[in-house]
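Below: one structure, written as structure tokens.
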Amino acid sequence: MWLWFSKLGSPKWFYELSGKWLPWLIAAMVVFMTVGLVWGLLFLPPDYQQGFTSRILIVHVAVAGTSLAFFPLLLVSGTITLVWRMKLADMVAKNAAILGAWFSFITLATGSLWGSVMWGTWWEWTDSRLVSMLFQLFLLLGVISLRSALEDSETAAKACALLSIVGCINVVIIKYSVEWWNTLHQVSSPVSMDTQSPNGPEFWIATLIMIVAVYLFLSVSLILSTRNEILERERKSQWVQDLVSKS
Amino acid sequence: MLSARQLFCERDDRVLFQNLDFDLAEGQVLQVQGSNGSGKTTLLRILCGLNDSYAGSIRWYGQEIEEQAAAFFASLLYIGHRVGVSKVLTPIENLRWSCSLKQAVNDDQIMSALKEVGLRGFEESPCYTLSAGQQQRVSLARLLISPAKLWVLDEPFTTLDTKGVAQLESILQDQAQAGGAVMVTTHHQLTIPELSLLSLG
Amino acid sequence: MLDAIQFSSFAEFIDMGGYGFNVWSVYGLFAIFVAVNLVLPLRKKQKILRQLKRRMMLEEEIKSEDS
Amino acid sequence: MEAMSEKQTTTSAAFLATLKRDLLIAFKKKNDIVNPFMFFIIVVSLFPIGISPESDRLTEIAAGVIWISVLLASMLSMDNLYRADFEDGSLEQLLLSPHPLFFLVLAKNISHWLVSGLPVVLVSPLLAYMLALPEEAYLILVLSLLLGTPIMSLIGSIAVALTVGLGSRGLILAVITLPMSVPVLIFGTLAVQSTLNSQSPLGYLSLMLVMLSVSVSLAPLASAAALKISVN
Amino acid sequence: MEAMSEKQTTTSAAFLATLKRDLLIAFKKKNDIVNPFMFFIIVVSLFPIGISPESDRLTEIAAGVIWISVLLASMLSMDNLYRADFEDGSLEQLLLSPHPLFFLVLAKNISHWLVSGLPVVLVSPLLAYMLALPEEAYLILVLSLLLGTPIMSLIGSIAVALTVGLGSRGLILAVITLPMSVPVLIFGTLAVQSTLNSQSPLGYLSLMLVMLSVSVSLAPLASAAALKISVN
Amino acid sequence: MLSARQLFCERDDRVLFQNLDFDLAEGQVLQVQGSNGSGKTTLLRILCGLNDSYAGSIRWYGQEIEEQAAAFFASLLYIGHRVGVSKVLTPIENLRWSCSLKQAVNDDQIMSALKEVGLRGFEESPCYTLSAGQQQRVSLARLLISPAKLWVLDEPFTTLDTKGVAQLESILQDQAQAGGAVMVTTHHQLTIPELSLLSLG
């Protein structure tokens, strides 16, 4: 276990292993993405109520669901950074924060595009999922800006790890308090996200495929940028030098 | 009392030192030498536990420092580039706090220490009205009060005038003779009999 | 298979039952999002490799100057 | 040398010395006490100007405006907490003390709250009056602020500790901590509003009390860790 | 030594060098650009939570909330303007240059506004939407902010220059400058509100234009004088 | 070139100096001496116009300085306790700006000056990664580029290692031999033939 752990912590080992995985992950991502998108765009039957806008939903739901994974991810990598001082965890965390901000933003954007059809408004403060996603984005941006503000990379790693842990606890509290707050304002709210429309099984299968595709995309993108980070931070080590002179 | 083994430190891909071994015994003054940027400040901060980006082992009376941080801190006095003197407070108020983190002191001790370092008449002036060298002297007054066994001083001679330099040297010597130990960086040539040297880079 | 496609003409496909703007914006955004987060890391890798190579050369230069 | 261990201070003496020193500095600088207070008053009084001077309108927004202004004042005043100490090296001395950092950090937090949080809370009824908040809500407003401001100080302390080495901190601090104080804002304003709707605010207040006790026991630990990280 | 006077730079070269340097520092730090912007967005989004999420209510307060938040963001970002330079001694070098200080200070002000004022103005329509401000007012909102933020930067610059030697500045700055920017706030919000009431906002806007030109020509002088005083 | 007459300065009711007269001629290095708090820094800042709480007259080639500030500033180079090096910028970027306040420079000049002060390899590192002495060296590189006739340096030797001290001394000497003048405070013993002394307090 320990051996495995410290081996995984070695950037070189990760770089080599991820190099082997990448082609497979990319292939799987391309397949799922293509199937999901083509099916979603061409074959998915229109919803009896929402018409073709249900096509938005498969993307939105996939991205939204995936973006909930980021704070747990940061929590784990932050703990590893602080407790075991594994450099790799921080390299992942750095890129995860940025990617997480992207995901949150896309969730907000696709959600708004969907809301503008369903609710007639792009933004609605009375919906708790919107508001808590907005604050998740803010917290992630806080982590990112802390990292860019701190000059020393080791300080930045630990500081961001700590902030991510505190932030993760906070995201949960914010989520619940916003939900609670929101129930008091429901009266005047135009519509709520929970007015589930009866979608057919086909819709759910398409969504499921998209979710898998988006998770694959997440891992591919994260691995790619982590590999870059490894190259940059380990640039003085012999194996990177060899790699560079070979390329 | 303090021994370091196989210390290794690298910053920004530049190895500052590696395989560094040294021992500091009671009654010894160890001057850390080296050109600019050779890692003197970094070394001192590592020893005090203010910087943990190193590899190797540092022992205090034979035991790893992390395992007995409180005991180690109780017998350590560190004065860095930034001397730990608040500009709004007067010298007395400054010393009252910084000493009381480690030991119980009374105002008489503080007053006589301030007098000794030549700050007679400035005891009640806020520190922002003191010159660079005078602020340095406030922090040096702590040396006179402190019962700490290990002093770690980073360039304590900068901005001191010649009289101040001579006085500080004799303070260091007293500490060594009383059975304490001193670790100091400076580009000055020290003339203390107990002196030993450690060269970096 | 082909008859399962929901559209009989390209125009209909673009129109998406009147929600063309929203649907295509979402898919467009999603495409940009995916592309950016794949292409940027890949391009960055090339940049890093180039930079590292340059720096290695520079260091050798300094070394040869010193000696 | 032998007398050393006998002369060593107890943790509570170090706690008190630190508390006293920070209060002393604040009273010498005066600005640390007056500014959050002034800032609060000024920001609150921008709203009648910027939004509407009519008292009906003001009543509607009063609780929210006061809470948000308190939030801003307390976030922005945090900046002073460790900075001067970091710059003059006192922070290093603090970290090198043999006492548990938890208590020393707590002492600094308490002194900071006494100096910058408490005055703001005490003046809030006056501003509530100016914003035409109905009188029955004053007590709950003050109570909720009394519970809420220390929470924000404690959270803010973590962020300041993380950013203490930075040149320009004011905004990044707010950017990090404002999102985290949303729950406090929500419960605080809900407490006031429920009083206005003649409901019991006790539920909200006790929730805030829970949040306060959790943050008192955890936040100083996080701050202490953060300080160690920053000084590195 | 003889070649000296020939090699001396022109004032415009020094102006450009200073502008370029400050922009370079901002782009290196990134935070100087992103933080005012983030702060603005976060503060604005506290209001729906603290006051009311209903869009009717929000419409009423939208213009005021946006203006006040911009004011706060721009005041608080001022802190960076001369501080780092003061601390590392660059400010003394600036003061000892043979060129008129007016232009060098102006260069610093311009770079600061480009970096911290402009982004905030550009994102304001988005927030106006989120606060349910009617669409017809967007253009005037942006215009009034475009005129107003540089005024506030220029005024703020004087205050920063005066307080640059102080330890804790964030709040004192706001305390000094917020009252001074009340006229800007009044005309800015009036311009937006008159658009909403289908009146012409041009009067207000041109008043702001006058204020802007006066402050561009006078404020840098005052800032330069203030800097000399502070460095003393 | 620079002459001061009847200078008087008092801070916080303590008279730092009074009736102070001195002349600084081309080709001269004037070392200001004095114990800590005797007013050396204050004197230098007064001469540069950074402090105006004094009485007396200061003339530059026979004319009061206030009457020809721009001309005086154009031929003055001041480096104080705070060296004027921005921590975010790299040494090159720092010099590019601080030199261009006075004269037109190109990157080659800057690069060779940096090399000369021993910062080869650090040209592109942000200054916060440099040690105390290395930052000091960045500001000293300005001396190599500057065509200014009058240098005013406040404790430029602190934090420099012995090699750095020797190098700086020779730079000062070159300046004097080229017809410039230097006014410097330090607690070091300088070994420049052109040296003259001014003692305070």
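General remarks:
As written, the chain order gives the labels A, B, C, D, E and F, with residue 1 at the start of each chain.
Going forward, contacts are C-beta pairs under 8 Å (C-beta built on N, C-alpha and C of every residue); 3 or more make two chains touch, one makes a residue touch a chain.
No experiment lies behind these values; they were computed from the predicted model shown.
Minimum number of contact steps separating subunit B from subunit C: 2.
The minimum number of touch steps separating subunit E from subunit F is 1.
Interface of subunit B with subunit F: the two copies contact each other largely through the same residue positions, with over half of all numbers used appearing on both sides. Among the other chains, the CA centroid farthest from that of subunit B is the one of C. The leading chain pair by number of C-beta pairs in contact is D-E.
One inter-chain figure worth recording: subunit B and subunit F are separated by 30 Å, centre to centre, where each centre is the mean of the chain's CA atoms. We define each chain's centre as the mean of its Cα atoms; on that basis subunit A and subunit B are separated by 48 Å. Look at where the CA atoms of subunit A average out and do the same for subunit E: the two points lie 35 Å apart. With centres set at the average Cα position, the gap from subunit C to subunit D is 45 Å.
Residue positions 53, 81, 87-88 of subunit B are each in touch with at least two other chains. Annotation for subunit D: residues touching 2 or more other chains are 29, 84, 87, 167, 172, 175, 178-179, 182, 186, 232. The multi-chain contact residues of subunit A, meaning those touching 2 or more other chains, are 135, 138, 141-142, 145, 149, 152, 154, 178, 181, 235. Of all the residues in subunit A, the ones that touch subunit D in their complex are 82, 135, 138-139, 141-142, 145-146, 149-150, 152, 154-155, 158-159, 162-163, 166-167, 170, 173-174, 177-178, 180-181, 184.
If you check the complex, the residues on subunit E that touch subunit F are 1, 3-5, 7-9, 13-14, 17-18, 20-21, 24-25, 28-29, 84-85, 87-90, 92-99, 104, 231-232. Those residues of subunit A that touch subunit E in the complex are listed here as 121-123, 125-126, 131, 134-135, 138, 141-142, 145, 148-149, 178, 181-182, 185, 188. Subunit F meets subunit B in the complex at residues 11-12, 34-39, 41, 81, 118, 125, 129-134, 136-137, 155, 158-165, 187. Of all residues in subunit E, only 29-31, 34-35, 38, 41-42, 45, 48-49, 52-55, 58, 129-130 touch subunit A in the complex they form.
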